[in-house]
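First the structure, in the form of structure tokens, and then the observations on it.
Here the chain labels run A, B and C in written order, and each chain numbers its own residues starting at 1.
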Amino acid sequence: MNSATPGTFTAADFAPATRRPDVHGLSRPSQSYWEDAWRRLKTNARALASLWIVVGLLAFTVLGPLLWRVDPSAQNLDQVSRPPTLGASALLVQRGARWDVPVAADWPTGPTDAWLEDAARGELPAPEGLTVVGEPNTWSVRIRWEPVPNAARYEIYRNTYEPTALNELGLPLGETLTGNELGWEDALDLSEGDYWYSVTATDGLRESTRFVTVRAPVQLAVTIDAAKRSSYLDAAATPAPGDRVDLGAHPLGTDYLGRDMLARLMYGARTSLFIGILAPLLFILIGTAFGAFAGFVGGRTDALMMRFADFVVALPFLLFMILFRVASGIEAGESGIYAILIAMVVLLWPATARLVRGQILQIREEGYVQAARLLGAKDGYLILRHMIPNTLGVILVTLTFAIPSAIFTEAFLSFIGMGVAPPTPSWGSMCFEGLKSMLNSPHELFFPALFISITVLAFNLLGDGLRDALDARMRSKE
Amino acid sequence: MNPTQREPALQGSDDEDVDIILDVADLEVEFDTYGGTVHAVRDVSFRVPRGKTLGIVGESGCGKSVTVQALMGLIPMPPGRITKGSAKLSGREILGLPERELNQIRGNRIGMIFQDPMSSLNPTMRIGDQIAETLRVHRGLGTAEALRRAVELLEKARIPEAGKRARQYPFEFSGGMLQRAMIAMALACSPEILIADEPTTALDVTIQAQILELMETLQRDEGMSIILITHDLGVVARMADDVAVMYAGQIVETGTVDDVFYRGGHPYTQGLRRATPTNDPEQTQRLMPIEGSPPDLFHPPAGCGYFARCPHAMALCEHRLPPMYTLAQHARDLDHRARCWLQHPQAPDVSDVHQLRDGALT
Amino acid sequence: MGAYTLRRLVQGVITVWFIATATFAAMHAVPGDPLQNDKATTAAIRANLEAKYGLDRPVFPDQYLIYLKNIATLDFGISFTQQNRRVNDIIADAFPISAQLGVLAILFAAAGGILLGALTALNRNRWPDILIMFAVILGISVPSFVFAALGQLALVNLNAFFGTTVLPVAGWGEFRHMLMPALVLGLSTMAFLVRLMRSSMLEVMGTDYIRTARAKGAPGSRIFWRHALRNAVLPVVTVLGPAIAANTTGGFVVELVFAIPGLGRAFVEAVQQLDYTLIMGTTVFYGSFLVLMVILVDLVYGFIDPRVRLS
């Protein structure tokens, strides 16, 4: 009934074994806390990707302005709210150049009396030969047409799509003065793209329902003066109207003052990341020192210190951020970054203090600290060797999560106009400005919002990854 | 209910005639972890006859708890998985049953109590309601009726002022009282088997004795079988009929209490015995710890798991898994078997491990 | 329980005193004369105010004591910029609006957070979990003002699609004005609660007492509703107090974007116009309200967790 007696055996098989000392060894490699944490972080694809995003953001902020040498505060009112482009050119036009509308001198200015008295007269036909004159551009679109007999005036309409019925003619631009005035110059708030111009004739009594439409592909134009001002052209250059000029690339478009979005986002990142990283760093440092001291000293001092921390926690955060911002009284020309920084540090340290104190209290009671104490370890040694290394993980995770909320806070303050003062760009203030033109040029809101979101997302995921990697409980569970 | 009514059937010598409640064969359980697969339970087989107590002994991490939790379908899957084996409850396979059918067995035909009563009871639910829940789930009783039965069960578990206690929450109970409540809960539906996973480990010694006594009494009254998991040989000696000794995920020795305690055929069993204090005034031997630690179950050794610590380790032990040698057969109890090369006829004789020589144990 | 409540209330009063003092200190650090504001006053009102706030007397202790006395009698004074309007009246007008919005948002956030969080935990690493957690990460990473803007944009398109005002884009008055702002306001809180609920639920599902319930043979639905949910909700309840506070964050933005005449907007306007009494009154009122909320939530927690209730 023996379950197995495989093969035959020699006496050597039953000789006492020679045991190597390593058979006791664990087959898993032993790893230090930080080695293990780093290994776990590396296996977390999301956290690793976030780490790279953070590195990329820092590079964007620090190296970006070196590579993309566009002045973030240079305004260009000819290029307001332009969508992203990698290199547009524009038509040069002369400022104030007027077009003399063609008039058929040999044509009557109005209808004949016979026509007007004819009770059975029909509708006037639509004008023929409606054409666009020259290159239609954002400064002016010129159209002309052939005269219609008995026309007293012509009505000109404009729409952004091709009209198929009378009620789709669109915006009435105006009417000519006479029946022999055969052209119209439109300079009314034009932007790039196609427009459809329609013309009808009227005999002075009744407007004809017959219309004729022409498409005008409107292209961007700048005046020669503006081009020189914005240094698209040398001041000495003497270009002719109709020449083209290179406007330079705006990979992320321009804002409502024609400033380059990419350059502004780079400089805005400085503001946002400066506050977003430095403020948490400072308040966590202060909170750690405060909490560690309270926790280590204990007793009445601890109770008093923590009660004070509780008070600060109870202050309504945003209201006091705003109050401090007002109280610090920013002078003209200052950005107010430091006011926000200080307010954040003053208001936010207690959470870290509480956390660190709790950790220190817990570690103080741990067996290994008691043992070290019994062996005669000094306080300084205990703090440096046992307490700080064992709280570092928690502090690091807190820092990672504090960064996105600091970035949010700055953005929020800038959004309600209580953040950094213009013209200093920050992602939050750019969002605020972009919100106003959200419907017409969504990129002005989209890009800064995207940058905030990606940054916050990256730090959040990194924080998640770090927490999982550093959590000793997870080490044994997995 | 009446333990004597089955007695005649137990007298046959053939396995088929013995009233086996639970028959576990070749059970293997693995866990996936970041470092690889842990082979927590390897090739475990045992049987539990009706009305008997099986003690499973072993040190921490040897796979005792995983074995019974696998039977109850309590292993989180993933990361755990049962890769092999069968477990028959009164002849019916229970491994791999769908959750619905498993729920008709758990708490109804198999009751279970756990090591730490403090954390094993829902902190936000009254004790009475937690006991009544078992009855409501399996017996379909109404709230009032189930609660009335719960109070009776608490009384049976010798909890004073049961009516008042039933309305209290776990944090208002002491550890010993909680374990009584756990027992009352596990026995609510008069299960055929009670699995007790280290029921007294978390309790202090005086309470331990009370709990064990309660379990004995209830077993006598109810006629159920018990699987008692412990690392305490004293508890096994007192409670168990049969013993299975586990080491590194495997059963290394089985047998009756007397087989294992007095005729131990495995060096680990003997090592355990020598490391356990007794209250025998005659005994003057020093306690001998087992040097070293169990092997890492990430990469279980190819040979005997105890090789590294065994005082009698032989050359072939390192690479060849020893087979189960049957040392004695029993009609009603677990056969006395040991997984050790020392039981091979060619193995040298040793003084402190009982060996099968010429059909008898030395 | 009574003694506990009393102790918490006394602590709360001290906290409010601290908030009031900090506000006072901050406002007196603001450069310039508080009555210099050109909109502020006629000579008569100026004299009146100077007398009332003791502005002709030293800041400390006289002005400070008068300020504390006024707060103690729940009199926040008269607005500097909205003449003849008492700050109390302004708060009484604006606060109910913010409160309605906040309550609706919290209800929305709590219900969504608890249910979705539990759902993700039960489906750990399966598609509902992955899908919801992706949305949650998005909800946490996108600033509230972007959601507000998108919400408004959605309303514009919705109304354009139906050719009628299904839900108003901005303003206040009817219930339908509230829906989108509350949704936007509750969104980030909900995302936060989903995460919390998920980890809490995962922890509870791994506890010994859930194992016990499974060993009892209780069906999954029963384990979820009777055992897991109640215990997992406990940590969610503890953060509801701070979550209400966090809602004031979004409250500012939402009230600004949707043109809702609530307290957040009143505060932002007061700050922009340097309306001292209104700023101080709003801050102290809001601070007290939050302190009260935290105490209330703690007391409610006691009712849910027997360990707290009975000790």
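Throughout what follows, a contact is a pair of C-beta atoms (placed from the backbone, for glycine too) under 8 Å apart; a residue touches a chain by one contact, two chains touch by 3 or more.
Since the structure is predicted, the reported quantities are computational estimates derived from the model, not experimental observations.
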**Study point:** Arrangement of touching chains [line / ring / star / complete / other]
**Key:** complete
Point to revise | Chain nearest the overall C-alpha centroid of the shown protein atoms | key: C
Exercise for review: Would you identify the chain whose Cα-based centre sits farthest away from the centre of subunit B?
Suggested key: A
Check your understanding: When the centre of a chain is set as the mean of its C-alpha atoms, what distance in Å lies between subunit A and subunit C?
Key -> 27
Point to revise | Rounded Å distance between subunit A and subunit B, as computed from the means of their C-alpha atoms | key: 63
Revision key, fill the gap. Cα centre of subunit B to Cα centre of subunit C, whole Å, reads 55
Exercise for review: In the complex, go through subunit A and note every residue touching subunit C.
Suggested key: 310-311, 314-320, 322-324, 326-329, 404, 408, 411-412, 415-418, 428, 431-432, 435, 438-439, 445, 449, 452-454, 456-457, 460-461
**Study point:** Complex interface listing, subunit B residues touching subunit A
**Key:** 33-35, 292-293, 296, 298-299, 307-308, 312-318, 320, 323-326, 329, 335, 341, 344, 346-348
Revision key, fill the gap. Subunit C contacts subunit B in the complex at 206-209, 211-220, 222, 226-227, 230-231, 234, 304-307, 310
Point to revise | subunit B contact footprint on subunit A (complex, rising order) | key: 1-6, 9, 11-19, 23-24, 26-28, 40, 43, 478
**Study point:** Contact set on subunit C toward subunit A in their complex
**Key:** 14-15, 18-19, 22-23, 26-27, 29-32, 137-138, 140-146, 149, 153, 156, 245, 248-249, 252-253, 256-257, 267-268, 271-272, 274, 279, 282-283, 286-287, 290-291, 294
